[in-house]
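Take a look at these structures.
Presented sequentially are two complexes of chain A, the first with chain B as partner and the second with chain C.
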Partner chain A sequence: MFSRVLQRVCRQSYVNNQNVQYVLPVCRGCIASRFSSSEVADGSKDSATSPAFNHGSESLVLEREVACPPHLQKPQAWLESLETRESKKLAIVDLHPDVFGTFPRLDILHRNIEWQKVYKIIDVRKEKTRAECSGGGRKPWRQKGTGRARHGSIRSPIWLKGGKAHPPRGGRTYWYVLPAPIRAWGLRIAMSIKHAQDNLCIVDSLDIPSSDPQYLEDIAKERYWGESVLFVDDKPLEEMSENFMDAINKIKTYNIISTEGLNCYSLLKHETIVMTLDAVNFLELRLMFFTKQYGSPDLRQDLPILRSQLKMDPHRGRSYSSKE
Partner chain B sequence: MKMALFARTLSNAVSRYVLPKYDAILSSQLQAIQTRSLPIVWSSTTWHQEFYNSKTDLVDESEERTKYLESKEDFKYVERLIPSLEVPEPPKHDSYPTPSGWSPPKGSPEGLPYHVRRTRYHSHPVSIQQKHGGNQIWTIVKNVDGDIWTFGDKLLEHLEEVKGAEVGMTINEYAKRVFYKGVFKDDVIKWLENEGF
Partner chain C sequence: MGSMGNRKALEMVRSMPRVSFVNIRDNPGSKKQKKIRGQGGSRGGESGRGRSGKSKRDTRPPIGYEGGTTPFYLRIPMFPFYKNFATRRQYLPVSLEKLQHLIDMGRIDPEEPIDVTSFVHAGAVRINVFDRVYGIHLTDEGADKFVAPVNLEVQWTSELSIAAVERSGGTISLGYYDPQSLDILSHPLQFFRRGQPIPKRLLPPKDLVDMYTDPSKRGYLSDPNQIKEDRLLLAQKFGYELPDLTKGSRRALHRLRKDPRQIFFGLQPGWIINLTDRAVLKPVDAELQEFYRA
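Let's turn to the complex of A and B:
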């Protein structure tokens, strides 16, 4: 089912020339309810809190620089708000085509998810070698003359109840590190798929008026988010709003993650992804970095040093961690 | 005799570096050394306890320590030395092609169903692949967005004209690559530049 939807998406937007109107397949609910009956907020009323957009013209496109090649069409998404129960669309956001509109390389996505599943495994199975089996020190019968096959020990691997020749020996790790550019590519693909399947919701911030979990559930029902929702924000977990954290903690299928912990497995596991504009801004810069960075390792080694020792992040305005 | 001379010179040297209160102890020890005729073993413990000063004797813990201010003002001089992690944009030249033969993309005409993006190093995504000890050579064009089939056919037409014979072609639509059998790297690059990529 998943692959068929993707084929439809591929045919519509990638195989034919990319100037084709970006068509979102219908997943649940109806498109009419999404775009006609829901209110479109007038940004000029609350300009202090809402992000800047074109005041002069009629259009509601958010003023947002997307540094991308000119031949690519930028995918767009609504900028919504969680402050009211009713769906309130503040503006249209232009997204980077290589982050939210890449070709869905399922093999890369598969590599990412396999890695996430496998690298943590520690296999603690242990079996005895012939040396560890009890007995077997004495030659069972003499070398010649008995008519039976020659043997040196009753615990050799060819014997029943003997030791294993090459047994598992306790802590075997399946640990390996998938290269960072492949991991970043996987995230781009997962987010492109979520956006193409209408499972991505961009939000100005995750502040909600009350810490009642029912409020979030009503919002999700109103906006056809589905059973599981993953909220993504750019802040570390300590800085996220308390109202929101209290509400989230009571709902099992709603989870919050920082951009630091964003991963393909979580993106695919949850039905809807609700992302703040800050997170979108950061992810566009950080994920595109891996497509532009130098190829040779000696030129690439500075980024982890910058981040660990100097606490600098070139993709954020502020320092990387709030703890200084 | 030699021992006594050694002890005397040592005591002279030492008395310059040792506080007066230790002088008495040392001088008594040295006197003992001078009178002894047996070889002496210098035990480090006896030497250490009485000869070396410990800092705590000199430093007065009750005194206030000097304060300091940490300033990150000069960090900007470090920042500008940190090398760039991303491949930079090429500088603007007066005329193209540059002496090395490079020129930026001119821009392809609108309505073209395909587009070939440059690599991160601003070069054309054309490479040669050799297999089976050089018996099989393919020219690969990557980063083909849009309709890869029309692109493949168009370039194939051009390459067959160049060669004067049939050219084998394979298209990997999923990976956005086109393979041509033979060595056509320069021809492909020229053709791409003409197209505006």
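Let's turn to the complex of A and C:
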């Protein structure tokens, strides 16, 4: 995928060398075209999962390209709406089996949660060494002849009130970085578990008619969402709808997060996850990126450069013009 | 859901309580047991080292000691089997079969010239110039099945590979990249981010000049007319009809060649690429221009 990007960046037309003319790569075509669900063999029967299937009236299954081999069974979810209080099911959405139906590796999830809890810890405890304890410079009694044990200082570690031999010295960090593929895997597992346990709800958008927090609580009650709900959208927080933000701010257990900040801890902490279709689209591409890196650590550095300097995110399908 | 195993596992999870912080744990054996001091645990006290003696005090003689006689490993005289081995040039192998596979899977685009960058970004090779890697060696495994018409540039190849590529209607050339240039070619974005001017590609060292000026090896410094003749000779030798590259939709592709001092197509030495502003900065000073043009 990146070779195509680079070929456009590096091998510019020898006709015009003035500016590096950047052409948006058709990234989704690169990988997705191989496994497009619309490329099902002609001999197959029409199934409910085929997006090309048409009753003649409006199709129930959302036409959505899932970039996975066509023989795999895709998990499905209802596409709902927050516009009305009553639950309105708009369509059935096919989901990527490796993102929403991956094996529930609880140990990987545990590693992610532990990492999130531990890496921020700074332990500021500090205790005195024998040098820092007051006194203890003089030899307490002479080496020989007293009948007592030999000692050099009253503050050595074996003495009461002496210094500690290997004390904590303040400013100890437990920082470490869990590899990016393991973190992406953790997210996939968390989302698969949420979907399997009926705690995932996919909505078309987070627009609500009023900014009354009671409205959201009524919706949650109607749809059995439970005490805590995490809303996930693909936009940065500044661009989210004001109605929605006003409502959310008044409810303690309802939280909103952008896909940028999505993490296993938040996914497990909240009982229900409500995700927009945009977020699902983005996550499927971005999380599958980490499974397809062909094991090359030197290419992993290209993605941050593409995002921060070229302002293009291959998994968003458009140039990023945000403040990143 | 994917496979059956995944589906069954998720069905099991579905029937269990909600997965939360209190019911997940790591695999048994994942956490190493801490050191134990004192008489308390199994490795406490003497820590498995026994009572006083050389074993406990770490004053045993070295491995191979034979009680004083000259040990075996010192009796045998040294011979320089591996002298200079570490400094020899390495070329990472990529077979024609692999190249065909990459093209079929869409990881390499045959409509664009193929060079080291293409291979690295397709994930076929990992180039680390500090391992004395000087490029790519195109091996001839899969020569019978190779059918893609490509414009290929590698650093080492054999006569059979050249024949296989040319029979399919492609071109192949051998191009030398000094380690700095190869590093830049393999990791272009990371180089552009540095904001340094693109350096001139160096010419090959003495012992490689013969290879890169040899038309039968399609060296990039050899005479193009002699290469033309050699293509015919090769076709006769292996018994295939040489496709005409001057006709067809790909003729522009097959004419693309890099200048000996050029690392990237379309970019000259001395230029600085500004990724953020999407701009190319070229030297204006006459001295610099002359230096980079040389």
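Here is the rule we use: the second predicted complex is superposed on the first by the 261 of 324 C-alpha atoms of A that agree within 3 Å, B and C clash if a C-alpha of one lies under 4 Å from a C-alpha of the other, contacts with A are read in each partner's own complex, and residues count from 1 in each chain.
Definition applied: a contact is a pair of C-beta atoms (placed from the backbone, for glycine too) under 8 Å apart; a residue touches a chain by one contact, two chains touch by 3 or more.
As the structure is a prediction and not an experimental result, all values here were calculated from the model.
Of the two partner chains placed around the shared chain by superposition, neither chain B nor chain C is touched by A:E239. Touch criterion not met for A:E260: it reaches neither chain B nor chain C. Contacts of A:D218 after superposition: neither chain B nor chain C is touched. In the superposition on chain A, A:P314 contacts chain B only, with no contact to chain C. Between chain B and chain C, more residues of chain A are touched by C. In the superposition on chain A, contact of A:E227 is made with neither chain B nor chain C.
In the overlay built on the shared chain, the residue A:E127 is in contact with neither chain B nor chain C. Using the contact criterion defined above for the overlaid structures, shared-chain residue A:H110 touches chain C, although it does not reach chain B. Legend: residue contacts after superposition of the two complexes on their common chain; A:T291 is shown touching chain B, with no touch to chain C.
Of the two partner chains placed around the shared chain by superposition, chain B and chain C are both touched by A:L306.
Looking at chain A, you'll find residues 17-19, 72, 103, 293-295, 299, 302, 306 touch chain B in one structure and chain C in the other. Residues of chain C touching chain A in their complex: 1-3, 5-7, 9-11, 13-14, 18-21, 24-27, 30, 105-109, 112-113, 117-118, 120-123, 126, 128, 186-190, 192-193, 264-267, 273, 275-276, 278-280.
Interface residues of chain A facing chain C in the complex, by the touch rule stated above, are 2-4, 6-7, 9-14, 17-20, 22, 30-31, 33-34, 68, 72-75, 97-98, 101-104, 106-107, 109-111, 113-114, 192-193, 196-199, 268-269, 271, 293-296, 298-299, 301-302, 305-306, 309-311. Those residues of chain B whose C-beta lies close enough to touch chain A in the complex are 82-83, 85-87, 107-108, 111-115, 117, 120, 145-147, 173-174, 176. Put simply, chain A touches chain B in their complex at residues 15-19, 69-72, 103, 105, 289, 291-295, 299-300, 302-303, 306, 314.
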